[in-house]
Amino acid sequence: ADIKIGIVAPMTGQLASEGQDMENAVKMAIDAVNAKGGVNGDKITTTTADDACDPQQAVTAGSKLVSEGVTAIVGGYCSGAVLPTLKIYGDAGIPFVIIGANSTKLVAANQGNAFLANSTGDMQATTAVELFKKNGFKKIAVVDEGDAYSSDLAKLTAEAFKSAGGEIAAKETTTAGEQDYSAVVTKIKSNGADAVFWTAYHAGGALLTKQLRQAGFQGGIVLGDGNNSPEYLEIAGSAGEGVYLLSPPTVDLLSGAADFKAKYKETYGRDAGAYAALSHDVGDLIADAITRAKSVDQKAIIEALKASDFKGLAGEIKFTDKNTLQTSNFRPVIAKGGKWVAVE
Amino acid sequence: MTLDLLIQQLVNGLIVGSFYALIALGYSMVFGVIKLLNFAHGDIYMNGAFVGLIVFSFVGIWVGNGWLGVVCALLVSMLVVGLLGVVIERFAYRPMRNAPRLSILITALGASMVLNGTALALTGGRHYAFNTDLGFAGVDISTVHITYTQMVLVAASIALMAGMQAFVSRTMYGKAMRAVSIDMGASRLMGIDVDRVIALTFFMGSALAAGGGVMAGAYYGSVHFFMGFIMGLKAFTAAVIGGIGSVPGAMLGGLLLGLLEAFGSSLPFVGSEWRDVFVFGTLILFLVFKPTGLLGRSVVERV
Amino acid sequence: MDVEIVLSADRIVARYDGIEALHGVSLSVKRGQIVALLGANGAGKSTTLRTLSGLVAASSGSVRFLGEDITRVPAHRLPHRGLVHVPEGRRIFGDMTIKENLDLGSFTLADDVERRRRLDHVFELFPILARRQNGDARNLSGGEQQMLAIGRALMAAPKVLLLDEPSMGLAPQLIKEVMNIVQRLNREGVTILLVEQNSKVALKFADYGYVLKAGRVVLEGPGSDLASNEAVISAYLGGVAA
Amino acid sequence: MALLKVRDLRLSFGGLKVLHDISFSVEKGAINSLIGPNGAGKTSLFNCLTGFYKPKGGSISLGGRPITGLPPHRITALGLARTFQNIRLFKEMTVLENAMSGQHCRSRHGIVSAILHLPAQRREEEAIRAAGMRWLDFVGIQQHAHRRAGGLSYGDQRRLELARALASAPELILLDEPAAGLNEREKLDLVHLIRRIRDETGVTVLLIEHDMGLVMQVSEKIVVFDYGQKIADGPPEAVRADPRVIEAYLGTEE
Amino acid sequence: MTDEVRTMPATAQPRLMRWSVVLPGLAALACALVLPQFANAYVTEVATTALLYVVLCLGLNIVVGYAGLLDLGYAAFFAVGAYTSGILTAEFGFNFWLTIPVAMAAACVAGIIIGAPTLRLRSDYLAIVTLGFGEIVRIIARNLDITGGASGLIGIERPEIFGFKLMQVQHFYYAFLVLALLTAFVCLSVERSRMGRAWFYVRYDEDAAAGIGINRVTAKLQAYMMGAVIASVAGCLYAAKMTAISPESFTFNQSLLILLGVVLGGMGRIPGVVLGAVLVALLPEVLRGAGTYRPLVTAVALLAIMLFRPNGLWPDKRV
């Protein structure tokens, strides 16, 4: 019989673009697995449920997948939408590999069946603080968009930076979907920050970068992992030059991902987004775990996931006893000549 | 707050405010004439930006990415999206003319979702760059830098609004708009073609929103299918602050809202995450004391 | 040509939400006449005027004005041609000034000089309107609003004026005044179709009259005949509408 | 004994003085009229009496209690009801529901007792309904009880407004041009009805009317306004003969 | 005279007792009662959501459909209920059932704070005030620590009743069914009472209502508070069911969705509102197959309904 994997992601709403990327990439991985004969002799099929990054829709989407009897679930972009579903998947004992969402609250609410394939916020905060120190930034302005993901990251980073002896010049919040950041920019400038850390997504990040530079802000700009999108560089244009990004492992940075990148573009007619590589890996990971479990027994799959020692496009996936990544997969990159290049 | 900071926030507020005002104006006009909270207005703004971007990238081949390109985009988009507004009115709102007001409100919501859903389906939710080379040149007032683009932007929206005000208060058609808003039946008896007046109102309101969309797209440099949502809300708020239905009111309301937001971001003691609480809180308090907005007419019913 | 029929209705039927309010009303108005339309409450007088002026669509029958069939002509085209309706309940634009209300009366007119001339004429007829021209119309008292409604119609320089209960709510003296103005307009060449509750007042001026009952014409004749036939009329007028 | 006492009442809108130091009184159990040219301030006076307008000065008392400046619903509860110059019915509701509305200020059960279906609440509901029917019957439109109020003929709408006002069990009822738009026959009926209101229910009546025939027929006293000032106050014969009234209002007979 | 009144024909009876409404209603109820026996967890989940919307729409219907106040921030009261209950159980270890009265009181207070000064406003202005209020509540929830900030509260206790713990979606389905029936009963009782009529009077003509002795502000405030209380109770149960709540559940869009349910089915009347609420919950689920086109298809369906049935699917003749 076929093995059914559920994909849960925002296919509509503000973050539809990311969700579509996730679905595409997981499907690509599964297709490849199937082309090689599937797992344990069975083919894998997928079914997608749209959570629109909305808690309520996420719950119905989740129970739809559960009712359809999926063997495992992958996906999840917005922490706020993933949180209430943890209980559903947990009660049903379904293995769930979370691709994008990485709020630390997920760790607390996990019932043991969920795995975070993305590094959590505190890992990113650590990476960020290291980067600040290396560049000699002493006064940082942290800006988020008020949603679970970015405000969590902002808070963690601020705390980490303060305990590392840094100073937080300002902690600002903007509204998603708004275009004008000038008031916040003015405030940041007047507070004398020597760098700005933007923790939310690329749309706002690009606008903020542009407006900071336009207002003559000379300091450093550092972006959280939600900004890794080709759209960021397009929109920010020359203002984006020299900006740091704590990147999740994206196709552009990964030596082994060139094929994937090309194939993705060929299949879907668009560039692979930030989470495409990781989504692809998670697709592979779940197939790998089922293979190792040698059955579709969900307990066995969970055990197999716990014991993962997986190397994919994006790097190594090994879980801690809290089902989070052992090693952070964030890597600082810098925009040079309209491209992200690794920071030495 | 230092003086420079104050001036800078004032400038910031005025610029966002003039966008709000422009969009609020269309909102207010449509509301004025058919008492409809046109939820689709924000999406019309978004459509305007997209049409503008398409035109801009197209004409850019010949005229470059400078002012000329932006002006072309602006004019074409205003025309096209103005007509879109007329089409929406014709097919979504006109059949509802005698329906209860709330049903029309829901229809407007539906129209908004249709525009937004179409844009999502067509763009896949991507953000598009709207890259112009208008540059940052401008004048400096102590540490405050004001670009020529910003000046042109504010001037253009003020000019558009002044034109609109003159139209509504001076011309016969403007009076007809107000008459239609008060009593459609009686307006017919004056020889006013009500359908045409309403269509014209939608055309003008939508064209203004489209103009705002293109200007915002070019100024901020990005266009996105969701950009109209927040703007629609802001415009609605601005229109109400100013006194819904009033043209100069929409203008004042927009500017005031822009300023409230700018200063709300720099409140002492609390961070900018409280900005909207400050803005809406002020708005509510304001309405308690001035229940008809800044320039709205008091509607004491004669009994 | 002094017996030319300027406005006529031929067996018009009108409905509200499917319920028939007029069951085939025919009438005709000759140039220069004052014609009265009488009837009890709910008889269909206002509906007849609305059908003539296109506010209500006739579901059958036809309306002719100045020799042309106007049954399907939309209401807003008629003032242009000289058929102007002063509706029941005045329907003034309360949020606009008195001057603006009057301006709108001449919406179809492009000529500002002519507009000014007509405005002066109206101000001469109703000095109170001149005095308060920049005030909001909503604040006028009931009677003042009635004057404004008539004045606004005059701004269109009507050939035929449809007046729906112009005396409603007016003080006795004003009723007289308004009726004098109606007569004066008539002398100036305006043909008038007058709906009145008060048959005594109406028939005093009318050249011809129709009595409506429950959506049908039940009696017609020259004004003086009807006036002398008060008993008959009051039988029709007094009866509560079926 | 005077039921309604108005002392030096003043009202103005912006620069426009609508009422100048108006004083008059209405005796308990009387039928009085208020007449005057259009725009004289009659309706405005009603609006002051019923709390819709806030007077700039002066005092109003009803049955000895001051009511100046109280909100409309309080004044109604104290026993002053009115009808409107432009009919203001709840057009989309039934005739009976309109008549029942008058009882609101004479009943008291609230949301909680309605949810609990307390016996006392149900009794009260029945009483409200019965009273509504009684008043419809009183004005003679009981047969229309379950029709939509907006679909009534003009005359019946006026009656319904009257029934609604009477249902609030007032001591004084103010009628603003009750005969406007009525034909001769209906006016006659109205005269009877007004008399019955006073004679059968003891409610005092003050009415505004332009139909002199009707005014002269029903009123025991007439107050005349012109330009916001009281220019006469007295029995019909005296008022009719008053040259100032003739000049300002009645006009010379032909 | 009173005797004549007693013999009046029984047409005076309230319209809802008609068999044409009662029979389908009973049939629907029977289906609702056995549904979880036949349906899988997903269908039950969706049905539970539908019942949640039934409660919310009935509550908002009091404000919009009865009293005629356009409320664009109704989700705020839903949030007040959910957060009050969530905080009390998760942070202070309260028994779930005890949080309900507290949440009701909190909603009342919130209703008075925003309602009392602003209910005098004209409808359009009130709309923006309620919208602003909705946003304020959401932003406060997002920025405070006690509400769990932007990612919200987690670990909300599931309620117990007589030693039985509500765990599965079926349990919550029945809990919401009981709440929906209770709400419908309450609405029905109030609609036909003196206060219910007062709301209609105020809605159709405020001045006339004042002229017959109704305090318009009090009447509106009562409608507003009653709507608030209903939403807050729904919020308590919602929090218990979700175990995790976050500000995203209480956005402007949520308020619009509830309003949509009220108008779509036919404002002012209970069967219509119930139908609309069910539709609002089902439509997006039925259209899941449309993928990225889902919002578009939903919107077109919505427009079509409004254009063909401008008064809603099951309208109240009075509106």
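Residue numbering begins at 1 within each chain, and the chains themselves are lettered A, B, C, D and E in the order written.
We take it that contacts are C-beta pairs under 8 Å (C-beta built on N, C-alpha and C of every residue); 3 or more make two chains touch, one makes a residue touch a chain.
All values reported here derive from a predicted model rather than from experimental measurement.
> What is the minimum number of touch steps required to go from subunit C to subunit E?
Each step joins two touching chains, and the minimum needed here is 2.
> Greatest Cα-centroid separation from subunit D: which chain?
Farthest by centroid: A.
> Of the pairs A-B and B-C, which shows more C-beta pairs in contact?
Answer by contact count: A-B.
> Measuring between Cα centroids, which chain is at the maximum distance from subunit C?
Of all the other chains, the one whose centre lies farthest from subunit C is A.
> Can you give the whole-Å distance between the Cα centres of subunit A and subunit D?
That pair's centroid distance is 72 Å.
> Centroid of subunit B to centroid of subunit C, CA atoms only: how many Å?
Centre separation, subunit B to subunit C: 43 Å.
> Go ahead and note the Å separation of the Cα centroids belonging to subunit A and subunit E.
Centre-to-centre distance between subunit A and subunit E: 36 Å.
> Roughly how far is subunit C from subunit D, centre to centre by C-alpha average, rounded to an integer in Å?
Distance between chain centres: 31 Å.
> Which positions in subunit E touch two or more other chains at once?
139, 142-143, 207, 211, 292, 294-295, 319
> At which residue positions does subunit B touch at least two other chains?
Touching at least two other chains: 120, 124, 273, 276, 303.
> If a residue has to touch 2 or more other chains to count, which residues of subunit A qualify?
Residues 12, 16, 20, 146, 173 of subunit A each touch two or more of the other chains.
> Which residues of subunit B touch subunit A once you look at their complex with the stated criterion?
My answer: residues 2, 4-5, 8-9, 12-13, 15-16, 19, 120, 124-129, 131, 136, 145, 147, 216, 220-222, 224, 226-227, 229-231, 261-266, 271-273, 275-276.
> Mind listing the subunit A positions that touch subunit E in their complex?
11-12, 16, 20, 48-50, 53-57, 59-60, 63-64, 66-68, 78-81, 83-84, 86-87, 91, 103, 105, 108-109, 146-152, 155, 173
> Note which residues of subunit B are touching subunit E in the complex, please.
31, 35, 37, 92, 95-96, 98-100, 102-103, 105-107, 109-114, 116-118, 120-121, 124, 233, 236-237, 240, 244, 273-274, 276-277, 280-281, 283-284, 287-288, 291-293, 299, 301, 303
> Residues of subunit B touching subunit C in their complex?
Checking each residue of subunit B against subunit C gives 172, 175-176, 178-179, 182-183, 185-194, 297, 302.
> Enumerate the contact residues on subunit D facing subunit C in the complex.
13, 16, 35-40, 43, 85-86, 153-155, 177, 180-186, 210, 212, 249-251
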